[in-house]
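The two complexes that follow have chain A in common; it is paired with chain B in the first and with chain C in the second.
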Partner chain A sequence: MTRFLTRHSWSLGLFAILVILLVATRIIQPNFGASGLDSLARAALPFAFATIGMGIVVIAGGIDLSIASIMAVAGVIAALLMQQMGDASAGLVVLIVLLAGVAMGAINGLLIVLTRVPDIVVTLAMLFVWEGVALLILNAPGGTAAPWLRALVVGGVTIPGLPPELTAWLPRAFVVLVAFTLIIWLPLRRSKLGLSIYAIGSDQNAAFRSGVPIGMTRVAAYAFAGLFAALGGLSITLSTGIGEPIAGPYLLASVAAVVLGGISLTGGRGGLLGPIIAVFILRTLRLDLTLLSVDPNVTTIIEGIIMVAVVMIGGLLAMRGPR
Partner chain B sequence: MNKLLVTASAVSIFVGLGGIAAAQEYTIGVSNTVQGNGWREEMICAIKAQALDSGLVSSLNIAHRNTDAAGQLEDIRNLIQAGVDAIVVNPANPEGINAAVKEATDAGIIVVAVDQAVTEPSAYVLSNNQEEYGYLGAKWLFEQIGGEGSVVYMRGAAGASADDDRDKGFKRALAEYPGVSVAQEVFTGWQQDQGKQQILDYLATGIPFDGVWTSGIDNVIVDAFVESDAPLVPIVGADNAGFVGQLASVDGLVGAAVTNPGSIGGAGVTLALQILEGNAPAEKTVLVAPELWDNVSDEGKAKIAEAQNPNLDPEWPVSVSIPDFTTYTTEEIIACKGPGE
Partner chain C sequence: MATPVETISPLQYAARIIRENPVIPLILLLCALVGLLEGLQPGIFNERWVGNTIRFAIPLAMLAACQTLTMLTGGIDLSAGVVATVSAFVVATLTPLVGGPAAIVLALVPAVLMGLVNGFGVGICRVHPLIMTLGTGLIGTGCLQVYQRYVINTGSEIPGFFEFLGTGRTFGMPNALYLFVPFAILILWGLRRTGFGRLLYALGANENATRLSGVRSWQVLMALYTVVGLIAGITGLLYVGIIRAPSLSLANSLMLPSVAAAVIGGTSIFGGRGSYSGTIVGALILTVLGTLLTLLQIPEGARRLLFGAIILAVTAVYVRITDQS
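Right after this comes the complex of A and B.
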């Protein structure tokens, strides 16, 4: 138990902040309830997927500046294909989009490994490349999303046999997020590949000498980032019902959530639970600032200050606490 | 007895508060997805000034940041959570925010889309006609160069729906003038510095062209010609204060400003309040037609002279009010103060 507590102390601290924020939300707006949680979860979905993708490459010691552009490409592919192939084939479209995400991520990784140019330079260049690709596919917002797929992330959970009051507060969007994270990340983390990802992020030379295939691991980490970016792009298309070729503000938001979530930017340290909670903290903060009708130009300043403060306090506590 | 006293005083306080509150009843939410652009800032200030001037708005809840349609869905849902009476929204695109708009109108909230339309039928739309905007300016430009020659086509932001609509208008005019071709087509991203760099590049490389159509990044284009001593060609811009000033003052500049009032935000507040007060318009969509002011015709010259206002930020449209809709003064919109500020 103590081991669990110390291992997850950062995530637990973040969770406490989230609970405080949610209680504050309820005090500011007494009507805040199931529909509020639902809209919060739906808003968080693309941010959370972007953050998970970014988290994986940062753990591997890299960074993916092209993540928001990959999301845009995935989003427009999804919207265009669903329009052309019809609602019935939407399942197939999802599969194609996820594969495209993996391919885009793998291309990023291959370029980094083959050219030996630093991650930050390659992915910065690829940011523009994927941005152009998205605009080539769809030069203005368009396409459609299958209604049955869209309904998957709207509203509360209903389980047959259980009274709806019991589960209705739990947003489906949240369940989708948890499900994909568990299905993909948990087995990965426990596998040899997962260990290798941590190893190359922590100390590349040591990993190399222990026989970890550095290049292949790095390509795999970027491919997984591409996969989650595709999920993020898909979730945007599902929430808006169209594809948007211009990337949203997901790059900086994902880096912020990764840092706030306790992943070390130098690689090799941290998990994905903290960053996901961090995403919800940042979304709830935005909600509260809107509810309080704070001057919009001040809102971003407050968001930034809170982020710096949390990371600094966390850093201080980590320095003082047992290692 | 005590209980009665408490009740009585509570009632009197309630009635007293009611008396004050009767004048300022509504809270209005605002959602906008482009921050730091002169046009959008004027729109926000128009919303604030109109809300204050109407005397019917107790507070404004403004969600104003750079984001995409998904972010705007979040903002609108946050405004629903805040329990506003009406939402004035400048949509990121016509279809992407329909889901949240529907949720808002289902919750009894009046939604007015300004500047660009939304396709959700439960919303009211008060929009500048962007296709007409593109057509009007392009037609004037092609006419001006005698229906022969090539033009530089400086668009807005790639993938933005307003840019897409203007492009339709531009292409419609282009089809009417077979002698005109596009020498260069480029996206300024509606960024002043980017647009200026692009035109400087064209001037430096000496690519021949006979006119420039801009999507509102206009005064820096004129600056670039003047600074690099290049012979001026006809230029089409928007009714931004800086460009309208140049139309009156720069020697040898032949140009036209197409109006695209940012004050449409203030008009949106008026429409929302009218609906809340029970006076809904017969049509759910009201299109504001653009006007063209050139510095060639007498009529255009008069309009340009009338519109001069040195107090405005050069990036702000000079059409700071919309007749029949906005009631604030020019000083009030420049002050940019909303209720409770």
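Right after this comes the complex of A and C.
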């Protein structure tokens, strides 16, 4: 028990902050309930997926500056294909989009491994490339999303046989997030590949000498980031109903959440639970400040200050601790 | 005992020259791009076009100086675009209120402040520069938007000095060179001949060794990020003189290209290697490339795609050439 507590102290602390914020929301807005939670979860969904993707790459010791652009490409592919192929084959569209995401991530990883150019530079260049691809696919916002897929992320959970009051407060978007994270991340973390991802992030030379295929592992990490970015892009299209070729503010937000969530930027350390909670903290904070009718720009300032303060304090603490 | 004579083929000899002077292939690339442009549209290469290209390359090269200096220590400054925008916006809105010289001073205050905060975070709290500067950039953008609502009625005016620098010409060359040439000489001289410049290279090459030889790295980093903030602020003032329309995202579009210019110019993002002369040529290459892609009249999407692909290709080739030693 103590071991569990010390291992997850950072995540538990974050969770406590989230609970306090949610209680505060309830106090500010007494009728904050199921619909409020639903819109909160839906707004957080793309941010959460972007953060997971970024988190995996950062654990592997890299960074992916092109993540928001990959999301834009996935979003426009989804919107355009659903418009052209009709509602019936929307499931196929989802599969295509996810494969496209994996492919885009793998291309990023392959370029990093093959060209031996630093990952920041490669993904910076790929940011322009994917941005261009998104604009080539769809020049202006357009396309559509299949209604039955939209229903997957909008509204509360209804389980047949249970009274709706019991489950309606649980947003579907949240269930989707948890489901995908559990299905993809947990097996990955337990697998040899997951261990390799942590290994190359922690110490590349040591990993190489222990027989970890560095290049392959790096490509795989970026491919998983691409997969989650595609999920993020898909969820934007599903919650807005159209495809948007201009990338949103997901790059900055995902880096912020990854750092807040306790993943070390030097790689090899941290899990994905903390960053996901961090995403919800940042979203709830924004919601609270909006409910308090604070200027949204002041909200941006506060978010920035929190992020900077957290990393500064973290840095000072790390210096006092063992090197 | 006779020493064995080292025989090298002309090709290896050429490779060695290139490796020792990494700016040469960049200048060749620049000439090739200009040649391509001339081939596509004969007659475009005239004094007027050269002047315009230089005029738009100068703010990029100055902002890329921020990236070059920070990259030499293994850092990066992603807040430079925001800092430039803040300075530009503040100077344009304050000039009608307090006059040109006072507005210029007041506009540089937030730039230096943001640089100081960056330096504090990177140097003293040991925060990763990428995160630190992203964060201060975020805060800066928010502050600018709040500030904007207080000055929405004052109108805007650009100090005459920067309008002269930004739009005027002398002998066909843009006046911005009056600012840029001393600036570039100062940076080049500072990096090569002063102790501070060498400390930047030393910190980037091996921070622990530098610290063990008695350098207080936090002082160097603090000074560096403050100077870089000031440079970004001055860039903003010049850029608003060129564009003559202040906006809340004025110089943000220069941000990523400025990183690209430094990288193409051969500055290693891990620190310890690079020069400002390469960065200047990199900024010129990016500007000419932009003209070329506009001239080809391809859609916006394909233009960005090609821009990214070319940056990547140039960097990849460059890494291959210079990393063999």
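Here is the rule we use: the second predicted complex is superposed on the first by the 308 of 323 C-alpha atoms of A that agree within 3 Å, B and C clash if a C-alpha of one lies under 4 Å from a C-alpha of the other, contacts with A are read in each partner's own complex, and residues count from 1 in each chain.
By our rule, a contact is a pair of C-beta atoms (placed from the backbone, for glycine too) under 8 Å apart; a residue touches a chain by one contact, two chains touch by 3 or more.
These numbers come from a predicted model, not from an experiment.
**Q** Looking at A:Leu135 after the superposition, I want to know if it touches chain B, chain C, both of them or none. Which is it: first, second, both, neither?
**A** both
**Q** Going by the contact rule stated at the top, is it chain B or chain C that touches a larger number of residues on chain A?
**A** With both complexes superposed on chain A, more residues of chain A are touched by C.
**Q** A:Leu252 contacts which: chain B (first), chain C (second), both, neither?
**A** It touches chain C, and chain B stays clear.
**Q** For A:Phe32, decide between first (touching chain B), second (touching chain C), both and neither.
**A** first
**Q** Looking at the overlay, what does A:Ile236 touch: chain B (first), chain C (second), both, or neither?
**A** It touches chain B, and chain C stays clear.
**Q** Now for A:Val298: first (chain B), second (chain C), both, or neither, which partner does it touch?
**A** Only chain C; A:Val298 stays clear of chain B.
**Q** Using the touch definition from the top, say if A:Arg283 reaches chain B (first), chain C (second), both or neither.
**A** The answer is first: A:Arg283 touches chain B but not chain C.
**Q** So in the superposed three-chain picture, is A:Leu124 touching just chain B, just chain C, both, or none of them (first/second/both/neither)?
**A** It touches chain C, and chain B stays clear.
**Q** Output check: A:Gln84 vs chain B and chain C. Expected answer is one of first, second, both, neither. What do you get?
**A** A:Gln84: touches no partner chain.
**Q** What is the contact status of A:Arg42 with respect to chain B (first) and chain C (second): first, second, both, or neither?
**A** first
**Q** Common interface residues of chain A with chain B and chain C?
**A** Touching chain B and chain C on chain A: residues 134-135, 139, 245, 295, 297, 299-300.
**Q** Going by the contact rule set out above, which residues of chain A touch chain C in the complex?
**A** 63, 111, 115-118, 120-122, 124-129, 131-137, 139, 245, 252, 255-256, 259, 265-266, 295, 297-301, 303-305, 307-308, 311-316, 318-319
**Q** Quick check on the complex: what are the chain B residues that touch chain A?
**A** 35, 59-71, 73-75, 77-83, 92-99, 157-161, 163-164
**Q** Along chain A, where are the residues that touch chain B in the complex?
**A** Within the complex, chain A contacts chain B at residues 29, 31-32, 35-36, 39, 42-43, 46, 134-135, 138-141, 150, 154, 236, 239-242, 244-249, 283, 286-287, 290-291, 293, 295-297, 299-300.
**Q** Note which residues of chain C are touching chain A in the complex, please.
**A** Residues in contact with chain A: 76, 117, 121, 125-128, 130-132, 134-139, 141-143, 145-146, 256, 259-260, 263, 268-270, 299-309, 311-312, 315-316, 319-320, 323.
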